[in-house]
Structure formats: structure tokens, C-alpha cells
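The same chain A turns up in both complexes below, where it pairs with chain B and then with chain C.
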Partner chain A sequence: MIENILINGLIHGGVYALLAVGFSLIFGVARIVNIAHTAFYMVAAYLIYTFATRLHLHPLLAIFLSIVIVPLIGILIYQLTIKPIQEHHVTVLIVTITVAIVFQEIMLLLFGGHFRGNPSLFVGYLEIFGVRVSYQHLLTLIVVFFVLLVTWWILLRTRLGIAIRATAQDREVANLMGMNVSRVAMITMGIAVTMAAIAGVLVAPLSVVEPYMWLHPLVMMLAIVVLGGLGSIKGSLAGAFILGFAETLVVFLIPLGAFLKGAFSLTIMIVVLLIRPEGLFGVAFEEER
Partner chain B sequence: MAAFFSFRQMRLFLQKEILVLPSRTIAFFFCLALLLLPLVTKDPYLLRIIIFSSIFAIFAASWDLLSGFTGQMNFGHALFFGVAAYTSAILNLRLGLPPWLTIPLGALMAVVAGLVVGIPCLRLRGPYLALATLAFPIILMAIVFTIPDLTGGELGVSGIKQLARSRIATYYICVILMLGLGLLMWKIGDSKIGIIFHAIREDEIAVRASGINTTRYKLLAFSLSGFFAGVAGGLYTHFIRIAGPSTLEVSLSFQAIIWAIFGGVVTIYGPIAGVFILYPLMEFLRILPEIRTLLFGLTVIVILLFMPEGLTTWVRDKIEKECPRCKVRNGAWRKTCRVCFADMKQKVVSRSY
Partner chain C sequence: MEKLAKGVFLFAVVFLFVMSSGVVAYGQEIKIGIAGPMAFVQGQHHWYGAEFGAEEVNAKGGILVGGKRMPVKLVKIDTNEILNVPDAAGAIERAITRDKVDFLMGGFRTEAVLAMQMIAMDYKKIFLGCGAAHPELCGRVAKDYNNYKYWFRVTPINSMFLAKVDFILLGMVAKIMGMELGITQPKVAIVAEKAVWVEPIVAAAKANLPKMGMEVVGEWRPSATATDVTAELSAINAAGAHIIFTTISGPLGISYAKKWGELKIPAASVGINVESQKKGFWEATGGMGNYDMSINTYARVEITPATIPFYDKFAAKVGEFPTYNAGTNDAIKILSAAIERAGTLDAEKVVAELEKTDFSGAPGRIVFTKEHDVTWGPGYVTGTGTQWQDGKLMCVWPVNWEGVTYKGAVKYKIPPWVVEKWKKK
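Right after this comes the complex of A and B.
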């Protein structure tokens, strides 16, 4: 029981962390509330289903293809639909909601509304301290850890990362310092969507793939970023693991927990907001005028 | 109004006040067409579409009154709708109250919900507020699922009384309520309260610095918006005679935002136009059941790419121009202003905020 809670909590937290960090990045850099973020996660899950289960490609090839194709779609969507109306924040919101709905409908058309199961890409398990951990779970944990590490490295140690953080801090000054702000935003979108795609690829074998699978993670992801403080990567990480564990605990310990898991996490979020309106790690900055 | 005393005065009123501006003409003929439609056709399916459009028009306009005017983005507008729907349904079923009583009571319950959400959320701004409000209908939905004895769980509360005996009476109740409440919301937006709402959106600190208690006005916006959305929820539940969890869904909240922004925010008539275009379009697309949501989504995206400020705002700016001197709106064809006779072709100094 405890080990199950631990492993599931880590996995949920990790997947949410991938989603929330990406969302936070793109919000920080371009001030876009990208509702379609989890739609890319769904697209990745469907791609891995197509490649691995339908076309019987090698798992690694399937993973590689999914992780390459989804960011391309993401950048295309960004260039075509978000960038032209970036000044109108509210309109961007609606457009991203609609983009997510369009993806959902495309998946519904192509694959139908059935729940699709994916066999584990890697079969078998490992015993750690007498606890059986399947390879798929282990892989998920390792990949999450690795991706988060790489993102952290990119953000803190590379020129691109400096540009991203500078743009997030002050778009205009970053532009004056000779950074191509719109290109930085595009690259950030690429990175964010890649992280969503990785999350999707990891989740596909662990749960079912269906056209509405973007809604629950969306709500959770939004709760996480608000909980942690919008635009704060550290906050998103902390929030993801807090809510990941909270969700797992509710599902394991309370009967009817599956109904309540979303509501429980959201209640945590609201309680935190009541105590700290800017989130756990958010900075209370003066509003932009 | 004095204008209605005689036929001649009515004609003058029509000529001087309504037909001078294309937007007023459109609004006038829209109302007229809605009121006269049952004389032409009694097709129940068509009436049903317009009844739904009217109900959702109230809902979308109430979102505009809160989020458009004050800029307090509400992502959980379905909360008001759902609270009112469940309250009306339960009051009607358990206590046997008639619809004309349950709908206002449901709306008052939605006001309470608005205060429950508003009071804690007032400390939050911008995206934080949007995402926090998203949470409330989801939490309420979980509560609904956990007490199925009262709420019927997943199936909802059914067996509620009809709004009126005949379809045409229902039609008139909904349409007249929509026009009346729409006018009321529009008037609120134009009043002193509305101006303060505008100011809160543009610069809250400046408003506070002018000695206005913004918290009180934001709460007022939450309550007003909750009331109107609640009326829509009550009408809806009495029309389809069931109150289910679908009235609390995230997608309904998103739907309201899509309608409002598609039509053009901070106008009240924009969201109404948005609903009356998009809802029938969605019904029309039933001929292509497989791809109708897809087509709907693509239409919204394409139109918003061309008209990022919404449809009505775009159309209004095409057919009407503001007088450069006295700021009164004029038909785009006029060479001189209809009030101050200034030359309409003068260079307008752009006012940027």
C-alpha cells in the first residue's frame, strides 16, 4: 500500500511536473495562458499508440517519432494561430481553448471515442528493497528526472536559457538588449511542447488513451501552476509533487476517491491561495499597468 | 417614453434615433424579428433553438458583465448556472414551488455562490483569479456526486415542471426575459457603476486612489453577474426539465467565454450576438454530426484571427465611425457628423492607453 502510494505519487507528480513546468515557461516568456498545452500531451499519447500498437514500430523509434512530431505541430500552431493575435490576451485564451477542442475532435474522428489501452513498451519488473517496480514505472521516473534536469541545465547554464529568463523578466528590455524576443518565444513554445509530448509518451502505456484525456491534466496543471506561483519553475515542481501525492492519497485511501481527486487537489490550491495569494513560490509583483 | 404617444412621434423616434445608426437599426430589427417570429412559423424545432439561444445569451452576457467589464476573468462561470439550475430543480421537485418563484430563488442562490467565490478570490488578480475560479464548479460537481440522495448524482434531478404549457408561451418568456435582462445589463454597463467597472479593468490602483472601494464594486460585479447567470440556469433547467452535472462542466464555462469573446467583449450585445450566431450554427452543423465540433472550432479560430476583438466590434467599426470632434457615432457613409456637423474626414488623433 505505502509503496504503491509512493510510486504512483512520484509518477503522477513527475508527469504533472513535466506539464506544469512547460506551461509555466511559456506563460513566463510570452504571457500566453496556453490551454492547448495538455492537448499536445494527448496528441503525443495518440501518436505513440499509433506507432507502437498499430504500426508495431520499435518502441524507441515510436517514442522518438512522437517526441519530434508533436513540437513541430506545436510550433506550427503557435506561428499560425497564437502569434498573430498575441496582443489580445483574452482572445489568445479562447483560441487556445478552441485549438484544444479541435485536436480533441480530430482524435475523435481518427480513432473514435473508445478507450485505447497501450501495452507497456518495456515488460518486466525490478525489485528494489523487496518492492516490485515495473520497468515502465522505472523508465517514467528516470525520464522525468532526466528531462527536468536537462530543462534546468538549459535554463541556467546556456545562452538560450539566459535569453529565455531575460525575456520572462522583461520583454521590452530583453528586446533592447538585442534578443530576438519572438524567436525566443517560439523556441520556448517548442521546449514546452516537447515536455508535454514526453509526458504524453510516458503516460500512454500507464493509462488509457482517449480524446478527452486532456481535460483532467489541464485542470490539475492549472491548479499546480497557481499553487506554485505563476511563472515560477520551482513552484511548479513543488506544486506538481504536492498535488500528485494528494491525488494518489485520495484515490488510495478514500472510497469513491476517483470522483473526488480533482476536487481535493483544487481545494488544496484554494486554501493555499487564501493564505498566500501569489502562490507558494510566486513573487508578489506590482501589476503591469 | 413620450415617443410612443402618437404614430407620428413614433415614426420620428424611429427616424431620428434608430435608423440613423446601422448598429441600432440591426438591433431594432433583431428584436422585432424575434418577437414576430411565432406569427410566421410555429416550427417547434426552430423555436427550441431560439429558446436555447436566448437562455445562453443571458448566460454569456452575464459573463461579459463580470469579466468583460471589470476584467475579473471568471473561468468557472458554469458555477452560477449550475447552482441556480440545481436550486430551482430541487425547490420545484421537493417543495413544489412554481417556476416563477424557483427561478428568482435559484438566481439568489447563485448570488450567494458569487459571494462565496468572490470574497476569497478578490485578493487574486489576473490569471490567478481565472484559474482559481475554474476550480469552484469542479469542487461543487464532486459534492454533487457525493450526495446522490439530494442531487441524483450522475443522472441529475428530473421530473421538474415545465416553464409554461405551450412552446410559444415558453418562447415568449425566454425571448422577452433575454431582451429585458440584456437591456438591463447594457444599461448597467452604461451607468455610473458600469464606468467604475470599466475603470477597475483599466487601472485598479488609480480607481482605488480616487477613493472608490474597488472591493465593494468587484463583489457587486460578482453578485450581479451571478444573478443573471442564475436566471439563465433556472430557465434552462425548467425548459429541459432536468438539472444534471452537465450544468457545472468546465466545457460550459469555456463555452460562455467562447461565445462572449467571439461576439466581442465589454459590449453586452456582443455576447448576445455571439450566441445567436454560434448556437444556431452548431445546430445547423448537425447535418454533419461527425465533424460539427471540429468545424465549429475552426470557424471560431479563423474569425478570431481576422477579428481579434470580436465580431460585433469589428462590424461596428466598419459600418460606423466616431466623430473626431464630439465622439458621437455616425454611419460610415456620412461626410459630416450628425450632431456637430464636423468634417468626418478629419485626421483622428489616435488615443492609445
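Right after this comes the complex of A and C.
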């Protein structure tokens, strides 16, 4: 059973990490609580469904197109709706909720309330320590770790990464040092939405594509970033795997209560916040940043 | 100037006359409100089923009422009940008071239909249910006939009988596995979404399975809105189950079947999986749902002479297999026949005629019980068991059940990987 929990927990945690790190990135840099983050994930899932299943494009081309188009939509949304009101945090929150609902309604209008599925890129499974793991899950896991590594490298080893971290640390000082913080925020939005799009195209063959598929990951993603500490990428990573493993544990240890896995994860978040209100890797006061 | 005023006056008179003629003609139609969640497949099937029924009735010039043919006009009522149950009550009231519908049909979620039913009964509007399975809907007719007599259920069979068919299908699969694989006491894993309608089925399963010679190895209850059960399937595999007994109505049905087939979990899948009743299931699971078996209302077999023509027409025009919500097709014909027998639109007289219904419809012979529920059993509506076999949704039940075999039904197939795993060497 331990090997089951380990493997399934890693898979769940990996997908959550991809979403949560992107969300944390844009929050850390621009203080944007982007509720529409998982809506971009949904749009990516619908795009790959349209390209691969409806238009019968090659799956790799479908993936490429989805991962290119969604960030462009994300940047457009940022420029048109978020940037003009970026300093008004509550307004940004409301606007991003609206954007998410608009996406949901567009998908409902275009595709109806049907549950769609995408074929796996690789069909079949591999037995690891007696646990059957589908190739698609393995691929997901590999891509997740690769994307996270690339993100880490960008942040730590490139000029862009320095600019992003500097803006995250102090927007005003970064501006005074000659950095175009507005541009940095836009690029960060692009990177974050790209991560959501990658999560979307990876999950589309594992899950069900439907207009409300953004809601559950949104709740989990918010729980993860709060658990890990708002804006902390390290925290988001830790939070994602903690909640991924927590969900898997519930399924294996309390099968009758499998429906409680989401509630159990949220309870963990509350308990951690009671003990450490700033989250696992968060800073105690925002002014200290 | 005077001429102009006269002209305007004349035009106004003519315009009002034309409009009032229109109103008279409009009043001569029979308006049937089709209630369902129209953005979803359930509501769409309500609508398409009704359209096919209305087309047939209108091809004859309409319903004959007291020697005069009155065409049927359908009114779409979007109840939005999947997303927000209270919306349904408002939608039905609006249809009755603003759109002035004469009759109502459809409904999907029991919680919503219970509310819609009460409003329809207050207005003494005949409501033919084509979607909700809870026994309480007809239980109200039994308890308070005078108020609730305007309600009739056409589809599906009520959930007590759904559960009964469910166990018959499970028993059939266990028997076939016993004969072909020598498994005398099959181990069963219960996978049931966490929802109110599921509880009686799960309780009955836990009570009955040991009596049926089966061992329950575990009960997994994912959320009704869950979309990934990989962990649950891993646990079921580890538990050594021979059969997975499913009770799933939501999107979970797709990801469950997809992962079940892809991971080749060595347990036959049988029970209720609403998604597997749909044509899109094959595409949605990428063919991985092969051999998944579910209870169903229709199948492309000769339940009655009406079944295959309706099934084919629906599949050709809609691009989907009809689900139980498409029972509006028969509901329109049943209502039309009752109105013609009554010779009036008077609800009291039409109810009396509806009670005498004995109609050969697509899901079987429809006769209403004294509680206005559709009669279940051999010779009436039985439901079907359907299994995906290499891209085709085949009817595998009833076959030699209580003397009933539907022409075109085939034998249930155990998934090959299950055979490979459990076949005694």
C-alpha cells in the first residue's frame, strides 16, 4: 500500500504544483490574485480537445498550439483588464473572477455541458513496485518536474529571473533601479499562464474536460498557496505535494470517505494556519518584503 | 391631412385585425412546455425527443380535439437544475403564467422535479416526468391523489426498480464469471459516488451481495464531482476484486472507465455508469471504456417495434444515443392519444384517459400504475443492460430473463484482461 500512496501522491502533487507555482509567481511579482488562473488551464484543455479530437491534428501539434495560444490570451487579458487596475487589489480579484466565469460561459456556449475526454498521448501502463501507472501519468510527472526545473532555472540563473525576483521583493526599488516592472509583470503573467496551459494539456487526457473543471483545482490551488505561504514558490511546491499525498492517503486509508479527500486537505491547511498563520514558507508581514 | 389620418386609422384597424387573427390561431395550438437543463445533454435529449414526437403528431395535422386538429407547439423551459436547483421552480412558474403552456414534460434532478411538480399541481397542469427516478414523485400521487393526480412518470423506471435491475445485472456477470472462469465466490468492490440517490443502492448492495454469494472487498465513495479515481482503482486492484459494482452518474464515469481500461484493472465493471449510455463515451474514453457495462433505458434492439426506428432516427439526427430523458418522444404521443380519447384539453378528463394508457413505446409497453408510475417487469418496461463491445453499445440484458429476450441482444463479454488474470491455468 505504501508504494501505491507514494506513486499516486507524487502524481497528484505534481499537477497541483504546476498550477500553484504559476499562481504564486504572478502573486509574488505583481500582487495579482489571479482567480482566472485555473480558467486558463480549462481553456488549454478545451483547445487540445478541439485540435486533437475535433480537428484531428497531430497530438504534438495540438499540444504546441494550445501552449502557445493560451499564454497569448492570458497576456491580452492582462493588458486589457488587469493592468489598468493593477493597484486596486480587490478590484483585480473581482475582475479575474469575472474573467473566469466569462471563460466558463463561453465554453458552455461553444461545447455545451457535455463531458469530453482526450485520448492519452501514450496508451498503456508500467508496473512500478506492483503499482500500475499509466504512461500518461508518467509523462505528466516527468513534464511537471521538467517545467518546474526550467522555471527554477529562469528565476535563479537568468537576467529575467533576477528582474522577476527583484520586482517580487520590492516593486518600487526595482522600478527605481531602471527595471520596467510593468513589462516584468506582463512576462510573469505569460510564464504563469503557460504553466497553467501545460497543466491543462497534461490533465486533459487524465480527467474530464467540462466547463466547470476549473473550480476544484482553484480551491485546491488556493489552499496550497495559503498553506505554503502566499507568494512563496518553495511553499507552493511543498504545499502541493503535502495536499497531493493527503488526498491519496484518504483514498487508501478511508475508502468509504474518499469523497472527503478535498475536505481533509483543506483541514490540513486550516491546522497549519492556526499554528503558523503566514503559512509554511510565507513571511509574517507583507511590509517586510 | 384628414386623408392621412384616415389612412393611419385604417392601417391600425387592419393591423389589429391581423394581430388578433394571429392570437386566435396562436390560441388554437397546444403548448407543451419541455422542462430540462437545456445547456446540458439531459435537457437537449428532452428537447430532441419532444421534437421528434411533435413532428409525428403535427404530420397528421396535430392532435384531434373534439373534431378539430390542433398542432403541438413546444416551449423550451431551461430549468438550469444541474447548476442551481431553485432556478427550476422559477422557470416552470414562468412557463405556466407567462408562456401559458397547456402541459408540461421533462425534469431531471429529483430535488428540482419535486419543486416543479408542486407548482404544476397548484396550477392543475398535467406533467409527464421524463428524467427523475425517485419513488417519492409518484408516492405523492398515492398519498394525495386529488392534488397530485396530474403527475405521471414515463421514464425512467423508479430507483427501486433501477436497483433491482442493477442486482440482476451483477448476478448475471457473476454467473458468467463463475461458468467461464470458475470463480465461485466473486470479490466485489463497490464504487459509488457520494450522492443521495446512491445511498439506498449501496445499502442494498452491502446487505444483498453476501446473500448472492459474493464477498464485498471494499467500498469506495468518491465525490459526485470528482474527475480522477486513479488512486481508488489502484486500491481496488490491490484488494483483488473480480468485479467492480459501479453507481456513477457524473463526469467521474468517463475518467473511471478510461483509467479502468488503460490500467487493465482485472475486474469486470458492471452497474450504473450514466456516461457509458452516451455515444460520446467511446470518444471521451479513447476506446478505453470497452467492456464497461451499465443499466440503460434504450438499446438498439427490438424491445417493441417502435424502439429501433426511434433509436436510429435519434442517433442520425442528434448524433447521440437517446438517454432516458428522450422519453419526451413517447410522452407526447401518450398525451396526444389521451387528449384525443378525452376529446378535450380539460385536465380532469385527460388525466382519466392517461390512467388508461397502454402504449407500445420505444422503452417498452407503457402502462401506468395507480400511483401514475411506469410499470416495471416482464411484458412492460424492463430497462436494459448495455455493454460497450469494440466501439458498439450492445444490449446484453435481458437475455432469457423471465422469458424475455430482446431481438438483437447479444451475450455479455468478460474483458479479455480479466479472463487472462483469473482464468484457471
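To be clear about the criterion, the second predicted complex is superposed on the first by the 268 of 289 C-alpha atoms of A that agree within 3 Å, B and C clash if a C-alpha of one lies under 4 Å from a C-alpha of the other, contacts with A are read in each partner's own complex, and residues count from 1 in each chain.
Just so we're on the same page, a contact is a pair of C-beta atoms (placed from the backbone, for glycine too) under 8 Å apart; a residue touches a chain by one contact, two chains touch by 3 or more.
Owing to the predicted nature of the structure, the values given are computational and were not obtained by experimental measurement.
Once the two complexes are laid over each other on the shared chain, residue contacts for A:Ile73 go to neither chain B nor chain C. In the overlay built on the shared chain, the residue A:Glu210 is in contact with chain C alone; chain B does not reach it. In the superposed model, A:Arg116 lies in contact with chain C only, and not with chain B. Touch criterion met: A:Ala258 reaches chain C, while chain B stays clear of it.
Contact with neither chain B nor chain C is seen for A:Ile154 once the two complexes are overlaid on the shared chain.
After overlaying the two complexes on the shared chain, residue contacts for A:Thr91 are found with chain B alone; chain C is out of touch. Of the two partner chains, neither chain B nor chain C is touched by A:Ile162. For the contact definition in use here, the residues of chain A common to its chain B contact set and its chain C contact set are 256, 259, 262. Chain C meets chain A in the complex at residues 37, 39-41, 44, 82, 193-194, 218-228, 230-232, 234-235, 237-238, 251-255, 258-259, 262-265, 275, 280, 283-288.
Per the touch definition, chain A reaches chain B in the complex via residues 27, 33, 81, 84-85, 87-88, 90-91, 93-95, 97-99, 101-102, 104-106, 109, 215, 219, 222-223, 225-226, 230, 256, 259-260, 262-264, 266-267, 269-270, 273-274, 277-279, 287, 289. On chain A, the positions that touch chain C within their shared complex are 1, 4, 7-8, 11-12, 53, 108, 112-120, 123-125, 131-132, 134, 136-137, 205-208, 210, 212-213, 216, 247-248, 251-252, 255-259, 261-262.
Interface residues of chain B facing chain A in the complex, by the touch rule stated above, are 73, 120, 123-128, 130-132, 134-135, 138-139, 141-143, 145-146, 203-205, 250, 254, 257-258, 261-262, 265, 290-291, 293-294, 296-298, 300-301, 304-305, 308-310.
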